[in-house]
Amino acid sequence: MSLWEFANPVKFMALSGKVLPWVVGLTVLTLVPGMIWGFFFTPEAANFGNSVKIIYIHVPSAMMAINIWVMMLVTSLIWIVRRHHVSVRAAKAAALIGVTMTVIALITGAIWGEPMWGTYWAWDPRLTSFLILFLFYLGYMALWAAIENPDTAADLTSVLCIVGSVFALLSRYAVNFWNQGLHQGASLSMDKEEHVADVYYLPLLLCIAGFILLFVALVLIRTRTELRLVRLHRLEIRERMKDV
Amino acid sequence: MIALLVRDMRLAIRAGGGFGLGLAFFLIVSTLVPFGVGPEAAILSRIAPGILWVGALLACLLSLDRIFQLDFEDGSLDLLATAPIPMEGTVAIKALAHWLVTGLPLTLAAPAFGALMNLQSPGHYWIFVTLLIGTPALSMIGAFGAALTVGLKRGGLLLSLLVLPLYIPTLIFGAEAATRGTAGLSALTPLLMMAGITAGSIALLPFAAAAALRINLR
Amino acid sequence: MEMKVENLSVARGGVPVLEGVNFTLSAGHVLILRGPNGSGKTTLLRTLAGLQPPIAGQVSADPEHITYGAHADGLKATLTVEENLRFWASVHGIGRIDAAVEGFNLTGLTHRPAGNLSAGQKRRLGLARLLVTGRPIWLLDEPTVSLDAASVGLFADAVRAHVAGGGAALIATHIDLGLKADTFDIGPFRANGERATSSQQRDRYADFDEAFS
Amino acid sequence: MIALLVRDMRLAIRAGGGFGLGLAFFLIVSTLVPFGVGPEAAILSRIAPGILWVGALLACLLSLDRIFQLDFEDGSLDLLATAPIPMEGTVAIKALAHWLVTGLPLTLAAPAFGALMNLQSPGHYWIFVTLLIGTPALSMIGAFGAALTVGLKRGGLLLSLLVLPLYIPTLIFGAEAATRGTAGLSALTPLLMMAGITAGSIALLPFAAAAALRINLR
Amino acid sequence: MEMKVENLSVARGGVPVLEGVNFTLSAGHVLILRGPNGSGKTTLLRTLAGLQPPIAGQVSADPEHITYGAHADGLKATLTVEENLRFWASVHGIGRIDAAVEGFNLTGLTHRPAGNLSAGQKRRLGLARLLVTGRPIWLLDEPTVSLDAASVGLFADAVRAHVAGGGAALIATHIDLGLKADTFDIGPFRANGERATSSQQRDRYADFDEAFS
């Protein structure tokens, strides 16, 4: 049995229905302890006090925001090439979650920026490219919302997602070139010298795992909803045709 | 294809159109900013290259929805789709026409408008060069955005929303090159990057835009 | 030069409108498409013209042979009658527009901007465009809207000359054009909202529904 | 008249429309300027009130042609002209609807967007107040410009050209009040002047706009 | 409630189109306006509706009694059929739209956005608008364009009911509507380009011309 069969709505609805409770359970089991550990059982940082704990929301949401866009790119490509309905609905579902993650990362970052750098916003390259990512999410979702016919919307948003990804990469490079910034480097690098102390690191890993699971759970729920909406659209049409 | 180019240019000029007005809009943006920001010469000349680039970009943006929308509304686009010109060609020609009536006049006029913003001496030269290389990318990217939104009644603002993030790399490299050039620093890297974006857009985007148009005509 | 339509199903806005349409339009013939308002004539013509994909079935005709005349005439209000015609002529690689101008009695109007014409004059100009495409298969959607009796006559003459020269025309209309033509009524092909059962018509959405049943 | 207001608001929101997108455009203008000008905080916070005002003005401007153009194209305006609502009422209601879907959201969002431009502390308050008083004038003046250009196919850019000079006094007083307020100086005079412009526009321009519309419908 | 047109001259784009038109449309009557394409029917109707000033002559009718139905229907594509009708009803202070919906067979379509209707369905909606204006004098410009035979019948019924209730209608059309009606041919009134000589018709441009003679 090939992997593609799960792209069939029938298989997908059946399987996702079974898997979903487990994913939700796992999410709770990782995210809740991770958060509690991070917020209540780690020491205060020497120089900037309790504000450091925002890291347990900020970093996972920032990572997810980027990864979700990558997932949307892949699912959009699958729709363009193989026209699997589940795939493009999943992209649409993911966009909603992705934009939420982006907003969370931006807001927690801004809140954090005030004690750290003395300003809510600076045109640091990381921050800037996140703002641009936010704009891409916004455009993608606005295009979905503006088109009525679901298949047309799927096609056009997929084209936008693919072209947009290229330009998103370009802007990332452009922004780096434009301004060297204040923001932290990658804290998860394998290089021991670079990343944060272990006391922060382990709960952070747990939170990141929790956010990934949360995303999987949410995207399954949303995709199921989207598929039902398509189905609803079809039923409406059928009813309408009966009374002509 | 020449016929299409001639027609589009003629329409732009006849309609009282794209030609003079894109320029006028650019002029007015460069006038408004001093009114908003205040008249200090030092600040103005510092921000001049950046604001000129932003102004050119906005002037470009505003005329984008003309590229396909009018032809869509009056049915010409359906007829062009069934005509013996490949859709990619139609897109490319229309982007070219847009550049000729918008990007090119802007480029030619920008050095003069720079004076309004107290642009300093080598700046005129740099604004001209960067706009000359950058505006074709703006037209082509814009044509892609216009193709995406053509079916939607007055997709004008949606179009802006979609196109602006796509414009950001061009803007950054263009404005950076102009600012550096004006300040007497080396501007080669951003200039090359911008040229790369322009070349890439011209080579690839007509295909994406044609695909979007075909979908929208369904 | 023949258009063969087999088992065609067409949809509009994702809604199946006609199912299992079969007919053949051959050179030298006119086919009148009949059906009440909202029955799917426009949708069928757009599909045949290649502007939208069918959901099932085949159309065997070279897209390069087809020209489509819709309600929207593709006229530019600021260009003159002559410029409008000349543009479409050169897009289709045709050099002369005199026959089209005379055929639709536009001679006195060539230098007027198209935007200043009356409704019927605009329509005549839109129809004149057909002659400068040089294409043999005409697909026309209510071509005689706003035309007076004399102009309808001009149009009928143009169609007669076209089919006499080996062309063909499929015309959706509610009125009688006085042409020697077969009639094709789309009534029997209307999609009724029931699930289609023949394997031909189990379209690509069918498996979608099963997920919820 | 209420019916007209409800319809216009509904159309603006339905069309995927005026509402969110005017805001989005404002956001994007405030984003583009730093890209053009460069990231230095000192310069940005100096020009912030002025640029925010210019951005709000442009976002307003872009949605002006929706006020009458769509109704003109589909014949609604002819029908409204013969309906038992006085033309002046129609104009005023349409300007009000435009303000509700454009000016008001801009005003509410501007303080937040100010953060992007490094706007310093009392600035948020001043931007809010000046936009609140000034944007109704922008909508009303814009409606007048839209009435003047309604007959012209895609008069969009011509409209900008006509309206921008009319916007300049509002812009000068508004931006000046915001800049002074932010800097802690007295901003009473420009504020009063701007309020005067708004009151005058609302009182008088509906008549001029209605006259222009009647002429354009002929 | 009567419309009396005396010695009316109308122009379009500054060009005189009809001169010296006289007729009376009284309650309970239908008048069919005939004339070939480009003869000035649309121009005349727009002038009568008060949308453009005449160059000479009088129209004696209360503008509050007139409703004009043009080609462009004033429909909003994104509003539903019901919302469209309800809007015009409340602009004219009318509460109920049921009669209009039923009269033009729109019952199954009320919740569809107007943009998704077929050409004929749109037209029916445009005509239904007439009923919710509650005004007695209808000025209609080619109302039956795109309508099938059944819908033309509905329209004729609506007109009959309207005049039976004391209304009146002036209808420009090229087809036969099957109504009991007088015909008014505008052919004899077409402006011929000569300077009109009766003092009535020495319009407000006349003294302008003299400046160059």
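Per-chain residue numbering starts at 1, and chain names A, B, C, D and E are given in the order in which the chains are listed.
Everything below uses one rule, namely that a contact is a pair of C-beta atoms (placed from the backbone, for glycine too) under 8 Å apart; a residue touches a chain by one contact, two chains touch by 3 or more.
Nothing here was measured: the structure is a model prediction, and the numbers come from that model.
When you average the Cα atoms of each chain and compare centres, the chain farthest from chain E turns out to be A.
When each chain is reduced to the average of its Cα atoms, C sits farthest from chain D.
The count of contacting C-beta pairs peaks for the chain pair B-D.
Spacing of chain D relative to chain E, judged by their CA centroids, is 37 angstrom. Chain A and chain E, compared by their mean Cα positions, are separated by 57 Å.
The geometric centre of chain B is 45 Å away from that of chain E, both derived from CA atoms.
Under the contact definition stated at the top, the residues of chain B that touch 2 or more other chains are 15, 152-153, 158, 161, 164-165, 168, 172, 176, 218. Chain contacts: chain C has residues 13, 38, 71, 78 touching two or more partner chains. Chain A has residues 135, 138, 142, 146, 148, 178, 240, 244 in contact with two or more other chains.
Considering their complex, residues 13-16, 38, 190-193, 204-205, 207-212 of chain C touch chain A. Every residue of chain A that touches chain B in the complex is listed here, in rising order: 132, 135-136, 138-139, 142-143, 146-147, 152, 155-156, 159-160, 162-164, 167-168, 170-171, 173-175, 177-178. On the chain E side of its complex with chain D, the touching residues are 49-53, 63-64, 66-68, 70-76, 78-79, 83, 86-88, 90-93, 129, 133.
By the touch criterion given at the top, residues 2-4, 7, 10-11, 14-15, 71, 73-76, 78-85, 217-218 of chain B touch chain C in their complex. Chain E makes touch with chain C in their complex at residues 13, 35-38, 42, 71, 116-121, 123-124, 142, 145-151, 174-175.
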